Every structure is written in C-alpha cells, then in structure tokens.
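Scrolling down, you'll hit the structures one after another.
Next come two complexes built around subunit A: one with subunit B, the other with subunit C.
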Partner chain A sequence: MSELHDRFERLARRGTPRGVDSVLDAARSVAEGTGSLAGVVDDAPVDGEASALAPVVEIQPVDLQPFDLRHAPSSRRRRRTGSMVAAGGVAATLFVGVLAIGSFVGSGGGSDSPEGAVRQLASAVSHGDPLAAADVLAPEEVRSLDGTVNAATKKAQELTLVQDASAPLSGLDLSVDNLGLTTQSLGDGYAKVTVDGGTISAHTDKPKFSPLMQKVLRDSGDNSASTDLSKLANDENLPTFVVTVQHDGHWYVSVAYTVLEYVREVNHAPPADFGSGVKATATLGADTPDAAVTGALQALSQGDWSKLIALAPPDEIPVYDYRAAILQLAADSHPNFNIGKVSTAATVSGDTAKVKLTASGTTNDGAKWGVDGSCFTGSDESVSFGSVTDSSGAITPDTTQVTSTPTTECGVGGLLFLAAPVRDTDSHASSDAITVVKEDGRWFVSPVGTVLDIVDQAIAGVTQRSLYTLLNVPQLLPPDGTLTLGKPVTLPASSAAGVYTFTGHAGERVLGQETSSDTTAVNDGFTTEVRVFDSNGKALDQAYGLFEGEALQLPADGTYTFVFESFTRSPETVTIWDEANAPEAAKHPSVPSGLQECTITGSVDNGTGRTCFTPALPSQSATATTSTSVPGA
Partner chain B sequence: MTASAEVGAQVGCDQRWDPNGIQELRALYEPLRRFAAVMGRWDVDPDDLVQDAYAKVLRRSQAEIRDLGPYLRKTIANLAADGRRRERRAEHTRQRLTVAASSTDDYPSDLDDLLRLAPRVRALLYLVEVEQRPIAEAADIVGMSGANARVALMRARRRLRSELNAEASNE
Partner chain C sequence: MPEGTRRAAPVADVVYLAGGAALLGSAFIQWVARGEGSGLRGHALVDAVVALGRHVPALSIGRLTVLWYLVPAFGAASWIACGLTGPRSRVSRALAGAALVMSVLVFGAFVRLVGVDRLGWGPKVALAGALALCAASWLPLRRGGRCT
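And now, the complex of A and B:
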C-alpha cells in the first residue's frame, strides 16, 4: 500500500506550518490568559491518566479588524470566517452584555466626571452590582432592554439554567483591579477615557452554578484567568478606551459611541461630529412611521447611505454623528436589488409604532425576492447544463440554463439556531413588524427595538430540548420513547435532539439505519448524529459508526440512552437493529453522493442523487445546485 | 464576588512546566501537526488544532500527564470531533437561513479516497499504517474499542485497496 502511504504523506503535510515557536507561544498566551473572555471548553481526554480538565475561561485578544464594507479583510493567523464578522460579534457582545447588566434596573445618576463613570462601572463589575453598573450607562442605550432581559432571566430560571433569576451571573466572579485612566475631550459633553493599566480577572466557582450547569461542566473544577485591560485591542495597535457622554451634568459610559469610535479608528476614518445628530433630530427622520420604513427600504435599495443614516434614531445609535466615516467606508457598496411593490401597515402606540412591511422586487440578476413581515422569499437557483463528449471519451459541460425556485424562510439569523421560529398568525404581531420610534416630532426606524422584538420571539421559543441540545447534554432530557429492535421511530425535523432508551445486554451488537426524504441533506451527508450513553451517563465512543455500518457492542446489561440529533428539514426515520438481523443497507450503507468528489466540474442526476461525470458516461443533461444571495436574506 | 486573591495565586505555565517538559512539547510538534492534518477537517488549519491542544495541556500541571504524546493526540481527536459537530450544527443553521453556504471543501481529488473515510477511521489507519502504532494504542487515541478498531481497519483497507486498484486500472 505504498500509494496509501504517499497519499497520507500528502495529507499530513497539507498547509503551511507556522512553526513550533509560533504555535507554542500562542498556546502559552491562551493558557495563561491574555485577552477577552471567550468561553468554557473542555476537549481533553477524560479517562485514565488524563483526568478531567477544569473548565477554562479562555481569554483571547479582542479581534478588531478594519471594517471594510467592500471586501472581507485578509485572514489572520487563525483561519476565521471573516474577521469583520468577528469584530462585529465582539462589538455586539460587548454592547448587548453591558446593556443587559444595565437594564436590570434602568438608569440612574451617572458620575461627576468621565473617569469617575468608568471607575464606577469597573467597581460595579467587581462587586457584581448591576444597579451600580446601570447608574453609569447612557440612559438612552439601556431603556428598552428591560422586557427582553426579564424574559431571558425568567426563561433561564424556568429551564433551570440559573438558580435565581435575580443573580444570573452566580458562579462567575469578576474583578477589576489597579485601573489607570486618562481622559481626552472629544467635544462638548463627550470624552474618551483611555485605560492605561489594570487587570480584569475571572474566577469560576462551580458550587454556585445551577445543578444543570454543574452537569454541563461535568467533573471540571474551578478555574481562573486574567488579562491586561490596557491591551485588549493590542492587535490593532489601539489602546483600550471607552467613550463617555454627558447628560444633565452627569457623565455616563456609552457603549454605542465606544463601538463606533473603535470602528472609526481601526479604519482610519474621519472623526465624528459629536452631538450633531441629537441637535438635528427635528430635521431628520420621516413624517410618519410608514414613511420611515419605506424610506429606509428605498435608501437601502438605492445605496443612499445618507438617507439611511438620517432614519436611525440619533440618541439610540449615533450613526449620524459618524456619517463622514460611514459614508467613506460604504462608498463602493452598491446594493443589487430593485423594489417593485411596497406597502406598510402601522400600529401606533404613543411614541412607538410597529410597522409590517410587505415588499417585492427583483435582484440585478433578475431573481425575484419578497418580504412579508418577518418572512423573506428568495430564490434557489438550479443550473442545468448539457455536455459534449470529445474523441477521448471525456465529458465536459457546455450549454447552461438557470432555473429559479422560490424558497421562503421566516425568522431571523443565528437565533434560529437556539429556538425554532414562533410565528404569530396575527399579521400585526410585534415579531412580524419593524419598530419605529418618535423623537422630536419625527419618526425613526429603531434597529434596537426591532432586533429586541425578534430576540423576544427567540427567547419565547427556547425549550428544554433546544437548550439541552445546545449545551451538549441531551442525555439529560426526558426520553421521548423506547427503542425496540427493528421498529422505526420518527425524529422531529429540527436540530434538537430526540432521546430514546434501550434495554440491552452485554455483548449485544446493534446497528442503525436512517432514512429521510430530505434528499439534499442525505446527499450532503448531513442527516443524523447519534450518541449512546450507558446507565451511568457515560458516552460510548464506539457509537460513532452506528449509521455507517459499524456495529456498537454494548459493554454491559442495562438501560442505554440513544440521542439522535437530526439535521434534516423533513422528518427522519431511525431504526436500530440487532447486527445479525440488520438489512444489507444498514450493514453496508452507501457513501452520500455529495461527499464524492467530481473529477471535472458538473454532475449528472441519475434520479437518486448526484453522480459525478466519468469518461464512461454517455452524454446527458446534468444538474448542479447553487444558491444565490439575495438582499434581506 | 471578588476573586483577586485566588487569581493572584494562579501560577503560570513556567511554574507548571519545567524546561524539559516544554522541550518535549516542542519535539512533538511535527508529528502532532501531521496527525492533526490527517484527523482534522480540510478547512481547519492543523496548527490551530495543535495550538489548542498545547494550550489545554499547558493549563495542567506537567506531573498530571504521564504519556504526553498519546494524551495530546487524544486531545486533538476530541477537538476535531467537536469542531465537526459545531460545523454540522452551523451548516444546519445556514441551511435553515437559506444563506448561500460556502462549505464545499476544495481538496485534491486524489485524496478523496482518504477523505471519504470517517475521520476517526482515517486517523486510526494513519496511526497504524504510517506511524506503525499498535492497534490497541491507536484505537485508544481515536476513542474506539480494540475490537471495533480491527473491524474498521479491515474494512477501510479493503475499500481503499479496491479503490486504488480501480484507479490504477483506469490509468
């Protein structure tokens, strides 16, 4: 098998090694904690000499890359899916996290100086005092979060994620020490406070976590980590700073201004015109809630960024102050869709309105799109091409024909990952509508209010099943039923786990078989993942190949828990067999066609899935599927 | 809710690992990177897996780990498996959102035979065939029982042999 060795050699040498010094140094930095809080992970071996690792609060440098609307930034040392997204994620996390703390109690008195506001916030973090934190956060930025945070904490307590809704951070101790600050005025009522020194430390105290979280953390112990606050943005050669704003003689920390100022500085964009948005409120916005929404959609379609900026509430998101920077960054961004029809239906309540948008049109490529409340309709394009056979028998594609198939999705972004969308059939339900707010007699589209409505919707849809699946403890869910050899069970069409018990015997060998009508998932190899746990809750490593023709031999008599995680869009059927009685398809499952590599571009549809061109195939029509990105998706 | 005292008592890598231990980690870099390249997804940088595995052992005391090489390989196997699980969930999410997915691996077609094997089986085959490790040790590293590993190896060899022969006859 020297050919095998050669191929393994090529595989083993893939990529460009960074070298042991670089890898080891980076690992030491992570191990010693020099960056922002990232998460708790544990992938170390848990048996034998490798006893369980403590949960590690990983600290990594904040990833702030230039905010380039035209191109994704170049990759960093670690391969990432676009560092612009990462920077946005950091900013969003910071924004939501800090505002969430503040929104517990609304906003209060601020501080008598910019530095005082930052020190008060640091002290509040150290003492776990959300009341004190809220006191120094800009009132306009925290006022609308009460309902969402209350719903989230109640849901967390309902699902036993936390023990006490009033203390959701119990178990995580934070400390800010030796803070060194300097202040620079940015304008009347605006100041930049730079952190010249200080550390933020985190310590987990496992007994304070809820019983569920303790199970999630398994046998791990407590852990600590700390980082130098002054170096959070070191990768971008920027100091750590926050922007503070003055209201009624008191100073507050502004998360929105801080995020925008970072984006501006990273991109070397023009400075902000601080306070200009609030001063110009009466001249911005729209006459009515409907006009604000339709105006924003038209501005987006036309790439009229100035108009779009003017429709954002100045005190909620100060993009008007940063218009010079944003216009420079967006200069070469050109939307690729046109509006055919648009209509709105508004429900006004005081200074807030909910506007349901219905619109449709085409993209520059001719594909149709449509919006109906929170549902978006776009196109999946199927590219068909004929083929020709040359004198050597090789087949190559020639003519192409594009067929568009409309597809509709309701809901929003990554929140669907956590919760199934909960659609309210009432056409004017808040989850279907865009939030518009009235300020100084003018109407503005509220991104925060709109997103919070959708977050509320997602929170309402979180179930014990989806949460436990996300936390990777699906075996703790109440069983959905009992498995009987040879008898199929139908799994729900979602990524949440299905849990079944099975009474087995030592030495028994079982095989699995899955069937799904979701041919796309089947062809792509994305169908169902299975895990099996013994009566002590220990995962059986050998279960990995249950659906791949590799029988699982049960180690002892007892009740086992089978967890199936379906990744299909349609219901999937799973059957567990005794190996001796299993059908041939379970013993020798075929390789999903989508996992096969085509030797030339294109493939043929043989009626059961994708088959690659080979020289022996006759000339015939072929099909490949692509997706087209459409606005608003 | 302050933990500055405990945090202050936290020890660094240099106190948990002596120079010999660090040197051992350095010496393992090349074989670990090769293993990570075989075990990991095509679009994951093998160095990232090695770095994460290093970080995990550096958080522990050197004395806690008896056999560093297998321990690190096992950690890499776990990291790779978790990465695949996360990617699968993310892919599912992308599908639900109808976002144009860009998950197509761009790898040389002549490695297709290897990459079509289940990652654990591929890593098992590599450890046994290329690194010449005993089946029991290799099975332990990738998280399989010895019996299952033997069956998996037999099937993988048979399949690869068949596919290599088919390729040879087509050339």
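And now, the complex of A and C:
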C-alpha cells in the first residue's frame, strides 16, 4: 500500500464525519475569525477569473485503491450494533454476578411470590426432587430436614432399596398439572394460596424400581392414579390451600401454618394473630435451655397450655399465633400425670443446646412413669380373660384381669410413649437429648429438631436385616447358617429375621421345636414365627404350624430357606427334626400358660386330627391373645 | 477475498453470539434431569449433587460452584468481546477456548456426580455453546469484523 494511501486513510479518520456544507461552513467560520477573507468578494467568479485565481498545480497521477462507498453506512450501523451486543454482555455479566453472589450469600431458596413458592413446590414434586421441595419450605420449620432426607436416601441406596440415592423416587412418576392458584393476604408476610384447579397424578413404573423393590412388589403391576388437587379437603367442606410466609424477601410454603390453619378452620376456632409470635419472641421462651425443658414438662403435666405455647419457637411452630384457637380446643384436655423428680443436663453449642431430661412420677391411676433421655418407661397393660365351661361344653368369659408390666421404649418407640408401647427392639437407636434453640436471647424447645435427631439416629440404625424383615422379604437376606436335623441353632434376640438353609427331599416331613428363656413371651405364646421358602423363593403355606406339632411335608428335593422371626427379648433356640425322630415336646408342644385352655366345642379338622376353637369375647381393646389351639384333641 | 468467505462473516457472528447465549442460558435450565438437584441451580445444585456421596478429584464444592458460575459468565463475556472486537479477535478466541475448557470440566464433573442417565440439558447446552464459540472464532472469514 502506498504512503499516500496511508495518509488519506489517516485524514479520513480525522474529526467527525459530516456533510460537505458543514465542512465549508466550518472553514468559512475559521477564515473569518482569522481575517483571511478580508477583501474577498463573496460573489461567484465569472468565467476566466477562476483559473486566474487558482494556483498553478501540476497534477501528478496517483495510484488510489478503489473504495467501495456502499459499505460506508453499514460500517457505522455495525459499530452501533456491536456496542449494543457488548452492552448486553455487560448486563448479562452483572446478572450472573448478582446470581452468584446471591447464591453464596443468601439462602437461595424460596420464591418471589406466594404462588411462585407453591408452583416451585409442585415442580419439585413433579421432578421427584425432595431437596428442591425442602428448599421451598419455610427454612425455620425444616432446619435440618435436608440432612435427614440425605441420610434417608443414602441409607436407602446402601440397603439397595433404591438404585440411586439421587433419584429415590425412581419408578414413581408424580406429576402436578394445570395448577390454578389464587392468593389471599393473611397479613404482612403471610398469604393463603388456594388451589382452584389442577391434578396430581401418580404412576408406578415397576421396571424402574430397584430389584429389591421389584421383589417386594412381586404380585403387583404398574398402577396409576390421579386426584383433583382442588378437592383434597372436600370432606371438610374446605378448599385446598397452602399458607405461605415471607422471609428475607422470599416466599416459602409453611407446613406448620398450613396444618394449623386447617385445624382452625375445621374447628371453626378463632383466627390466628399472624406474626405475633415472632414479634413477641423476646418476651417468650425461657432464660436457659434447662428452664425451657423443665418448664415445658411442668406445663404439660399441669395442663398450662399458655405456658407450653410460649416455650415453642415462634418461627418453627407458630402455635403462639394460633394461641386463641389452641386454648379453645384444649380447654377440656387435662393431663393425667404428676412429676416426682426432674433433672436436666444441657450441652450448649452456639444457639442450639441439647438437653438430656431425666424425670419420673406417677399417673393419676398410680402407675409409674419415667423419662431418661429419649427412653420412656411406662406400663404395658395386658388383659386376660377367665372363663367357665357349662355342661354342654360351651365356654363363657366370666372374669377379666388387667396386668401392668413396666416397659421401656427408646428412640422412635419412645416418642410414642403416650400411645401403646411398640414392641420394636430394633428402634434402640436413640437421641439422648431434646433440642433447644435460642432466638432473640430466649430459649425454646424445638420439636422439629428433637424429632429429626431421633429420626436421624433411627435411620442410622436401620440394617439390611431389619429392613428386609420389615418389607416382608427376609428370604432375600444372606443365610446365617445351615440347618441340620436335630442340631439346635440360636436366634438373635431381636424381631429381625434369622435365615437358614436346609437341604431337604421330596416327601420329607419336618417338625420344629423352640426354647426360650423369655418367660413372658413364652407365656404369651408370642415367641417365634417361621416361614419356609422353596428354592424358587415361593413360600410354603403349611409351614406356619411347624412349632405347633404340625409337620411340614417338603414338596421336592432342593434347598429350602427357613426364616425365623423371634419376638423374644432373650436368645432363643430352635431345632428342626425329622418327624419320625422328633421328641415328644416337638410333636405335642405345651400350650402357653397365658393362653386360655378350653373345652373343645368347635369344628374338627379331620385332616390333622386337631381341633381349634376361638371363644366369643367381649368387645374390648386388649393386647393379650385369648384364642388358642389345642393339639391332640 | 473470496465471495464465499465474505458471506461466512455474518454466519460466524451469529454462531458466536448463539454460543454465548447457550452458555448463558445453560444456567437457567435443568442440569439434573430428575431426582435430587433437578429443581436447583448454582450453589444449591452443587451442594445437592455433591451431597450424594460421589466426588470429583480436586473439585471441592466451592471450586465446582465457581466453575458452574463461570460457564454463564463466559457466555456473557463472549458477547462483550464479540461486540467490541469481533468473533475472530484474539480476545474472543481466548474466551472461546477458556469457555470450552470450563464447559468440558463442568460437564465431566456432573457426569461423574449424577451419571449420564440423570444428566439434564444444562451441561449439554453449555458444551454445545462453547463448541459454537470455538467454531465461530476459527471459521474462515475476513479479519477485524465486529459482531453483526
């Protein structure tokens, strides 16, 4: 490129592009300002004058490269568009930056509107994403729910209950469609979102379940169901609604407010004073974690519901907002226990404390109770019936006897201490402490934190053996050993199953015999249940009488799986015999003393030569079993 | 300059911009198709998938989160570069290369963390966007042009 071309290029880039008139006007203005035009006549030169005035210049040929003027305007437009693109990029960068900072600094949960929160929850349900669902629930209500969800899904994968911990609901397709919502404000930061329309559909896809679940659901196929979301509470003549709350500018679905609002509306109780609990936090609660726990226990025993309400964290469980409704509903509730001794031991860590409660006392009936950590000791009441037999052999119940036995339950079982104690010796996982949280300098008993602690420990305590037993597929457990005729095996003292293999032959008749040192269980006739599976995993129907003197005839040669479920609290021994060589105790086991002996008047099962009878009993809730079978009758 | 090459210029501009848009947009679509994390983004998403128990060597939660946010950030930066210097400038090419490296890293990390079956459209779109940026940066066209 020539030097002249370069100079033209530089000249062309000088100043601001403008029209010819503009350039001439500017030149004239500059010339007038410097006096260069003095004496110049502002008339157009006549013919011949111009050449006389013009300097004589010798024109030289210049090698100029062609310039396509058609592109000049588009270049300017391109520059403007490029600037707009760059500006868009800057805006997008800022947006991403704000998102990132918000993600690191803020909670990142919730939604921008009450309806948005509900839709987000519906989306999480549709995607089978429990963590996303937890993300849109009021954070104070579900403090560590995500940890519990994570622990549960990991445990489920570890035990092959699900194929992938990250998709625990794989095989269950949930879908929320056509959601129609309306919002009604309940107060500043509180809104009721009513579901006017929409459906929730569920579909099971068996092949997507884990192999274990497919075996558990062996007899069922794929199922589908759909429900109109707007009619979920139709029985109570209420619309379906969800209460949402606002925290730090984000809206969340509140499970606690939703439940309490339903309870209030169903019972036509006074409306809630929304937000009053949070505002009054500094005046509620207790001075110390220990005072919160002991205060709650005393309030419970005295039926002082106002005090109990004041000891619940207002943002976690908003009973203070609903105090008018709760006090109205609880007016007729009077606890029936007294506190004899109570002591606490607190471990404080920041704004959370764990308080171990030890207390004891009596009920109004005189029965003793006690709490030690999460273990509750109460009375397991059993009812037994006496009877008389008339000359015709008919039996008539004539007496009842109630027996109270001290029973201790821990962990999840201990939580149910007000209900009948649960015989679940696998739920020994226990949290020793009650969770207490500090808000506005005051201490509150955290029901959610306490329950989740116990649930976490219960989840941690679940084993393959207990899970498979619970799912009724104990035969899938790896065998604990091999059964040999006449040789006893000792079962673990647990309700979980003991699994043994036995090599049998077609037509072989076997009997079982059990011995246990747990006299209570033996007397109740509640010791061991046996099931036998053939080599194809099919249960043999005749196995149930193995310990009752009824021999099991094996249908074919092969390896059988014997599953024993012991309900005793001490080790139990079982022995399998060939019927011909079985001792008398196996052929004719004694009737448990706790079961009622009776004169036979019932039907005779000619097939086994045995007779069974179940007396007509008065309609009562009883834990004792009174039916019996009498061998050899 | 051949006529065909000159026509490629606006195509490259569009491809470069689309690549940037894909990188940016990937942050707003699902990175996990179903199950845990499918409704989450950013820090919460990384927390959720890392909490599943698998891990990527040398990629902690913090590092992976930063990488995740760099994907849309590179998309946005590519628009700036394209607008100011054009898709074939040294800056645009550097950004395209970096975006590709970043996208491959994050894509690989998510494959490891959630598996191919549960991989959502997010990492796929991000990877496609980065590839588009690179393609546009190295397409044969005249030099020095600005976007559109």
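FYI, the second predicted complex is superposed on the first by the 416 of 633 C-alpha atoms of A that agree within 3 Å, B and C clash if a C-alpha of one lies under 4 Å from a C-alpha of the other, contacts with A are read in each partner's own complex, and residues count from 1 in each chain.
We adopt the following convention: contacts are C-beta pairs under 8 Å (C-beta built on N, C-alpha and C of every residue); 3 or more make two chains touch, one makes a residue touch a chain.
Values in this document were obtained by computation on a predicted structure and should not be read as measured data.
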item: Subunit A: partner with more touched residues, subunit B or subunit C; value: B
item: Partner chain(s) touched by A:K154 [first = subunit B, second = subunit C, both, neither]; value: second
item: Partner chain(s) touched by A:H127 [first = subunit B, second = subunit C, both, neither]; value: both
item: Residues of subunit A that lie at the interface with subunit B and also at the interface with subunit C; value: 78-79, 127-128
item: Subunit C - residues contacting subunit A, complex; value: 17, 20, 24, 27, 30, 32, 34-44, 48-49, 51-53, 65, 69, 72-73, 75-84, 86, 114-115, 118, 145-148
item: Complex contacts: residues of subunit A adjacent to subunit C; value: 78-79, 81-93, 95-97, 99-100, 103-104, 108-109, 120, 123-124, 127-133, 135, 150, 153-154, 164-170
item: List of subunit B residues in touch with subunit A within their complex; value: 1-4, 6-7, 10, 12-13, 22, 25-26, 29-30, 33-35, 37-38, 42-48, 50-60, 64-67, 71, 74-75, 78-79, 82, 85, 88-93, 95-101, 107-116, 118, 120-121, 125-126, 129-130, 143-145, 147-148, 151-152, 155, 157, 160-161, 164
item: Touching residues (chain side subunit A, partner subunit B) in the complex; value: 1, 3-5, 7-15, 17-18, 20, 22-24, 26-28, 30-32, 43-45, 49-51, 53-54, 56, 58, 78-79, 126-128, 173-175, 177, 201-203, 205, 223-226, 378, 380, 407, 409, 411, 413-414, 416-417, 495, 520-521, 526, 529, 541-542, 544-545, 548-550, 553, 567, 569, 591, 595-599, 626-629, 633
